[in-house]
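Each in structure tokens, the structures are laid out below.
Two complexes are shown next, each including subunit A; its partner changes from subunit B in the first to subunit C in the second.
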Partner chain A sequence: MTAAPAGPGPDDTTARPDAPQQPTGGPIGRSVPRLHDDRLLRGQGRFTDDIDDGTALHAVVLRSPVAHGRLTRFDAGAARADGRAVLVLGPDEIARHTRPLPTVWRIRGQRQDTIELAPRTVRYAGQPVGLVVAAGRAEAEDVAELVETGYEPLPAVVGTDAALADGAPLVHPEYGGNTAGSARFGDSEDEVERALAGAAHVVTRELGVQRVAYTSLETRALLAEWTPGTEQLTVWAGTQVPHPFRYGLARALRLRVDQVRVAVPDLGGAFGGKTVLHADETLVCLAARLLGRRVAWTEDRAEALTASYQGRGMSATARLGLDADGRFVALDAHITGDVGAFVSQAGTGPFQVAAQAIEGPYRFGRAGASVRAVWTNAVPTGAYRGYGMQEACWIRERLVAEAARELGLPAAELRRRNLIGPEELPYTTRTFSTYDTGDYPRALHSAEQAVADAPRVREGRIRRGAAAVPSIEATGYGPTSLLEAAGMEAGGWESGRIRVNEDGTVTVFAGVVAMGQGIETALAQIVADRLGVPLGLVAVRLGDTDTTPRSEFSSQASRSVVVAGGALMRAGARMRERMHALAASLLETSAEDVRLDVEGEDEPVFRAAKTSRTATWAQVAHRGWLGWGRPDPDRIVLEETVDFDPPGLTYAYAAHAAAVAVDLDTGQITVEGYWAFSDSGPLVNPMIAEGQIAGAVAQGLGIALTEEAALDPSTGLPLTTSLRDYELPAPATVPTALHLSHTSTPGTVAPGGFKGLGEGGMLPAPVVVANAVADAVPEIARRLERTPLSPYRVWTMLRDAGLATG
Partner chain B sequence: MTTAARRTVTLTVNGAARSAPAEDRTLLSDFLRHTLRLTGTHVGCEEGVCGACTVLLDGEPVRSCLLLAVQAQGRTVETVEGLADDGRLNALQRTLKETHGLQCGFCTPGVLMSLTAAEREGLDEEETAGQVLAGHRCRCTGYAGIRAAVAARHRAPGGPRQAPRGGGAEAAG
Partner chain C sequence: MSLRKGSVVKPPVFEYMAPATVEETVRALARHGARAAPLAGGQSLVPLLNRRRVRPDVVVDLGRVAGLDTVRVADGAVRIGALARLRTLERHETLGAALPVLRQTVRLVAHPQIRTRATLGGSLCHADPAAELPALAVALGARLRLAGAGGERELDAEEFFRPGRTARRPGELLTEITLPLRDGFTHRFVEIPRHAHGGLPLVGVCAGTRREADGTVTAARIAAAGAADRPLRLRGAERALTGGPLTEEAVARALDAAASAAAPPADPHGDAAYRTALLRTALRRALAAAPHPGTDPKERA
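Let's look at the complex of A and B:
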């Protein structure tokens, strides 16, 4: 071992190989309890809305009551005359003080590259047009009612079919059409058409996934404070992405980024809904700046369901071509994505990912997908957990199940003929995804076995059926070069910093964010493991633009353990070497002679084998900060920072199975058993991993059965404005018989072989339920094209099939 | 525009007498959170669906977002802050931690209060996991860890099954 590693700098891609992937006996791989659970259980969480100690003013956002129209009157005279009004902002004041927000993820041909904050032309019901600030929330709501507005209504464009119809009203007339942009992934249309023309059998379906609301239990919230003397804006915000949040705020408010600090308190769930800066959040910060005060705002549930961006909202014409042996010769999808009133920062990304991920774990002779992003008068869409990949899984596995049914082949056999085998990996798809490691047939076999004996009942009024499907999850976004090539203004790297303090405690800084997924515990485990110190020495600091590393993507896209964890794996190895070298100099021996053991009261102690001399970890750390006895004269500060830009994506995979009952009298679907066989490489904390998978399955069941953010088809007004109308998965939705199993095939991309798993649990859930329903009631299988499979929708199919009367 | 009526609300919260002014229209949830600064009680929907704001009013679980603060006048309220025993997690809290029955922790205070009431009432595991949990929405866990906690409590020595109806070990403590 050399006395000291190379100096700090960009990632050491040429340096020594990463740490071994087999269990070390350290904290990695252990289901240790989560570090922050105690305070959450005591009611001592600190969520954004908990911070105000009574000194903040409160904001209420004024929103458009129409889906499409021109704001012709904004009269705040009476409101401002009310003694309780502290500030009323209308569109003209907002325009005077701000610039539009930047977009991030664009599609070819997209000309709308900014987001207006409070335009005079409103394009969705709930779009902000102004802001009222008063001493308290209730007073602000009183004053808001005094603002008089008038709208000249314009015809609302509801749904992409209406948007693309001849003579459709234009959401953005300046662009001459309702198409925001389009792109093709994989083989060209001509090539896929030729392959389909030569197929022995082609299955065509119109498949769709509904709009859904993220519905974290904690709504969006922020507390903004402008300090006039220092001209600093401090924002405590429930965001997954503090650095892009800061960048957007600085741009919009014409500030330097270093005038803005964004700090993330406890997050009450996010699921992708907190990955962008919304206009209303920007307006609250503007109010704080104009007033030189603290201004708090917490979205209410109706706003969360109507004015927060939504997820999904896609339909596709999809075709699968098979040869006479049941081999997949061609796959094509024409995806139409509903981006809503404008392309949000995440914008068309989910639809592009659906196209990119269209093939899943199968071999196809030719495969391609086209995306057309369409403006409508609905709230914009963004990145909801599992985006793109879940839609792709829905499209692909409905086609495969329908092909099997039409051909009279067992679906399991059809899948087996076309699955990519472990001996074929690494495998590059027609859309240029390179799968690294795994055994997809084995996972699917496990899932099929799980439901082999599940009840199949095709008579009586309660039918029963089962299904199993495989899925693939692209994790660890991403190689920065891939994002750049995809036209996304984001770096995919993460920086991990480990500081050994002068008392031997260890503070870890990373750019990812804790939102309930337990990442702070997982990162602490990784660092404790790499350093060889007890977990209790390690504290993790996340989510503060003043202190934590810059990150574009932060915690989303199943990347936190892969990319931030990867950076910390390497930083940990370097810090371990430095601590050993410092200990060796103190113990007057070589670094190879020094061993670190944890003794007694969790006290790590360095021991020189030859001389039996010892020094505690804390003593070595203290001397290190003094600068005494350092082997490398240039390096004193006991910090190691590694920037990790993953060389590729790493692909987790799973197969899920479901057993369902269908009540022919009510159309009610009950999931009676659910099995998930997952492989996300080595698990840092299996307990946390299982929690992520269980929760994602439940969200997938919500897409399958209960959730839909619906609009009135003529007015474009939201129909689901409360949790009474927007039905979250309840305990009764999620079967008690929920079985989770894992295999652990290390990936080749990230140190430790880690793969992500935050989203994987929801990818196959909707389609495995639908396929099980098709198994139970083959009479309606042809029509299972869209989710949610609500009782009314299913009952209608049953009635049309002559199975139900009413 | 009318000036909102205001009066002093006096009640007992987690064993301590509290008194503070409140407008008639102020929700009990807002009064607890913003006036008394007991922010452990969370507000998820303000319409009685999600259950995050559940507290115990004279021992009964209620949605604090569906009550006005003035309705709690002279009554006894228990919130999540009152569960821990001198800073130490109580048995129910410990169990929820061990079974990974929470992720973001936002719905957790309400779940804890409902489960506390169920244990005191001596409800069995099926009633608790079925009817009591049905009153809560958790977006993170898929309910798996929460159900595991309920099951573990009913298996534990000294757990709620063994507790006398109307008052268990936790309530007595």
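Let's look at the complex of A and C:
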């Protein structure tokens, strides 16, 4: 991987002088190594599975072997008689001890407002129906095999087409249909139809994005402990959202929230898969509560691939209308979202975001998108990295590329005519997104230049082609009022707390969670920068409902630096002021006369300019906690807490380019070169940012080429139950010619002008690969409508086009 | 083996034995018959145990059996102990010089981490029909030595691999593999994995030819992986190539013969037509005089 300079145009940070609280040349903007890497790389990580000292009992979740059926028999007699069983829970006991989980993000018309923990009617293969606890995992597996179950099979509804067909079996008969809810974004259908009717050219495609599994290195894991004396439930959990996790657990187990503590140890990846409380996790906590013991559970890879919620699963009928000059007069998408067996907490959100983000960086005369969320007998879907926006990018940029091909126009020229220019910002789209800052044409131009000389080969058995596409990422979710208006039970604010301790060390508390993305380092850099102290003084505490600020979204949706970082930018400024005032009182001078001197990692020293008297940072902190010499009689505790509710979303953007080779004999696609030109405002730590983008590109290539959580079309049973069949992108999937570069246009929403970047790298990756394949093999361009572009699928297209004979 | 309290291991309980000699091993295997599972490198068995897909009463760990990991090159043959690790074969200088196709093929198997544990005998006994080493053994005409309670026997690779299984009887232990060095032969293994970047093999072809100075093919030995329910010797293709130069016509006849012999499986990674097309491609590439463009031994687009 190389960090190549960007294409034409200035490449360095171009901070505007009026941007709020610009970085000062301190720790912000430096590629310091991640604070936890040394420990993690030495094998000193402490993940959930590492916590127990051998006293915990082990749980195995009993799961439905059928995609749809009624549980007619649950006989735990033999299992309980085995002697090794410590606890066996079936649906009846579970129902007796619990309430269902609440839903969070509902779509209009959605009547399913709870999630059953262990229903008697099972709706996906892998759905929990019970739990077994024994001394060890193997014993629990043995006992689980002794539980006798019987199912009355019901017809499985596999895929949204089947779900919406006339006479389709109903996943939830009580609701009278398989549509969970629907919504329209942007211009009305009538208005868009009128605009399309007046278009000189209309491109229509059926575009889809497959279901994918999260596949974090560490699967979901839980250690739950109920202390009978104090009636406290302590849960160490691999979750991205400790507070909603606690809320859901307390609701389900009929506890007060202050009886439950959720603590997040080291977390080995998440990608959105750990943003909700799953039913099986709740059952493990129930077992601990009933037993008054520690109960451990670590999902195995088969469960991770089949019973953890999944991502994506969308299809759309999409149309792009152009006038005679190639201007986009209308865009319409009818999106069908496969929510699976029930609407999970994240539920229909990804599909709604796809509709909301349908326009990307272009101007359209009219634009709108409809969402229909559909129940099927598959594991529910939820929030997967870049959700909605990746699907929207796939729809939009396939349409644009196909329009260019059909019209015989260079795609670059077509995009140029329709891109929103920097002079038009801020710009509000037809779906009411207001883009704040950026220069989309410049990013795209850089990407186009990067592949201008890439090989284009349209003869022989190895074809070569290239493409470039722009994308936009809504980051910093989000204004609480926006979430409220969207019917989402969540607040978008973050709270940041800075405590200067009595020895001068600094402890930072934030509501976001470290899951391998490096946020603890970035927040430490922000606080050190704002206070003017060495990075080594700052420790960051995250992910513990007893000590860290409440957060609804925590770390997801490219928001941690924007919102939590934004809160800490302000808290840091306040704390800096207080420390200077305390120093002034000690040095018997005015705050304006005090300067904080820092030499490397040495302890900082306050110096009075007039008298040259000095006091160390630690001395000032110590006096502060004694309450001596305080300027304000009512403020003693050296803590500053700021709640930051972002006034809007802030829009990062990028343009990616790919050069590919297509082997006509095998259908295999090789990505030979990849370029990402990103702008997420000022970067707190460019090295971490590059890691995020490179990883997201790799994950995007997985969607493009290899990954698919597949079901048997007749039985609904999962076909991809191990990493043998669920194929992840490999190191060799990502070209060594991976070029990442940045511009830095500050946003106007967050202090520091930060924009998010955790997800942006994956948004354009699938479609830029597909468009490059279309460039290499235009004979099959029309059929590149769904990912993954697996060799077998591509070869089938090639054969049908008369290009592959074998 | 008893499980530690609180242990996170997942297989059903089994008895664990670690014999030190071939004799002890054979006695143990004979005693438990089909209820025993020999454990070599563990790269296939351990995942199967963890998923409870196999449930042996006894796991016989071969790791401490002395003398089963030797590699000898002498008397016109290579003799490899069944427990030789793939990583050893990959790095063995004498072996690499004597039989370059073995090193080339081993490098197509899985990843270095797996090859560090995996053994040649384990791979042959696991006998995945799409795996590389069984097809290589058939193409090279390997002889496999099996030790049992009643003594030893030796089988040709083609006899050893049966539809969906091997000829190894419960109680038998594969001890040694002999690969004859055929004068004048050059071999090449071409594999087409699931993706351009690699991944599990879909189809592979090991093709060996002996050619006169004028280009006439005087002998050919060809076998395919992933083309049937066992590694498949492609005799029709061998006949089509033998007796004349490697002309386009001869190659085309060989491809047709290979395709008509193939009976590949169908799954979400490809139907029989796709796999047959890949077989033709792999054979064509294996026969191509010059290496295919790209230096990576894994065929890349």
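Here is the rule we use: the second predicted complex is superposed on the first by the 779 of 806 C-alpha atoms of A that agree within 3 Å, B and C clash if a C-alpha of one lies under 4 Å from a C-alpha of the other, contacts with A are read in each partner's own complex, and residues count from 1 in each chain.
Quick note on the criterion: a residue touches a chain if its C-beta (ideal position, glycine included) is under 8 Å from a C-beta of that chain, and two chains touch if they have at least 3 such contacts.
This is a predicted model, so every value here is computed, not measured.
Student: With both complexes overlaid on chain A, does A:Thr230 touch subunit B (first), subunit C (second), both or neither?
Tutor: neither
Student: Which partner does A:Trp795 reach: the first (subunit B), the second (subunit C), both, or neither?
Tutor: A:Trp795: touches subunit C, not subunit B.
Student: One more residue to check, A:Thr666. First (subunit B), second (subunit C), both or neither?
Tutor: In the superposition, A:Thr666 touches subunit C alone.
Student: After superposition on the shared chain, which partner residues are touched by A:Gly54: those of subunit B (first), subunit C (second), both, or neither?
Tutor: In the superposition, A:Gly54 touches subunit B and subunit C alike.
Student: Per the contact definition in the header, classify A:Asp82: touching subunit B only (first), subunit C only (second), both, or neither.
Tutor: first
Student: After lining up the shared chain so the two structures overlap, which partner does A:Ala804 touch, if you call subunit B first and subunit C second: first, second, both or neither?
Tutor: A:Ala804 contacts subunit C only, not subunit B.
Student: In the superposed arrangement, which partner chain does A:Ala732 touch: subunit B (first), subunit C (second), both, or neither?
Tutor: both
Student: Touch test for A:Gly695: subunit B only (first), subunit C only (second), both, or neither?
Tutor: After superposing on A, A:Gly695 lies in contact with subunit B but is clear of subunit C.
Student: With both complexes superposed on chain A, which partner does A:Ser612 reach: first (subunit B), second (subunit C), both or neither?
Tutor: Touch status of A:Ser612: no partner.
Student: Both subunit B and subunit C touch subunit A; at which residues?
Tutor: 49, 52, 54, 137-138, 142, 300, 722, 724, 729-732
Student: Given the complex with subunit A, which residues does subunit C contribute to the contact?
Tutor: For this pair, the touching residues of subunit C are 3-13, 47, 50-52, 192, 194-200, 259, 268-271, 273-274, 276-278, 280-281, 293, 299-301.
Student: Can you list the subunit B residues touching subunit A in their complex?
Tutor: On the subunit B side, the touching residues are 1, 4, 23, 25-26, 30, 33-34, 37-47, 49-50, 52, 79-81, 83-84, 87, 89, 93, 96-98, 100, 102-109, 112, 129-130, 133-134, 136-145, 147.
Student: Can you tell me which positions in subunit A touch subunit B when the two form their complex?
Tutor: Touching subunit B from subunit A are residues 33-34, 37-38, 40-47, 49-50, 52-54, 82, 137-138, 142, 146, 215-219, 266-269, 271, 300-301, 515-518, 687-688, 690-691, 694-699, 722-724, 728-732, 734, 736, 738.
Student: If we count contacts the way the header does, which residues on subunit A are in touch with subunit C in the complex?
Tutor: The touching residues are 49, 52, 54-58, 135-139, 141-142, 296, 298, 300, 302, 462, 661-663, 665-670, 705-706, 710, 719, 722, 724-725, 727, 729-733, 790-792, 795-796, 799, 804-806.
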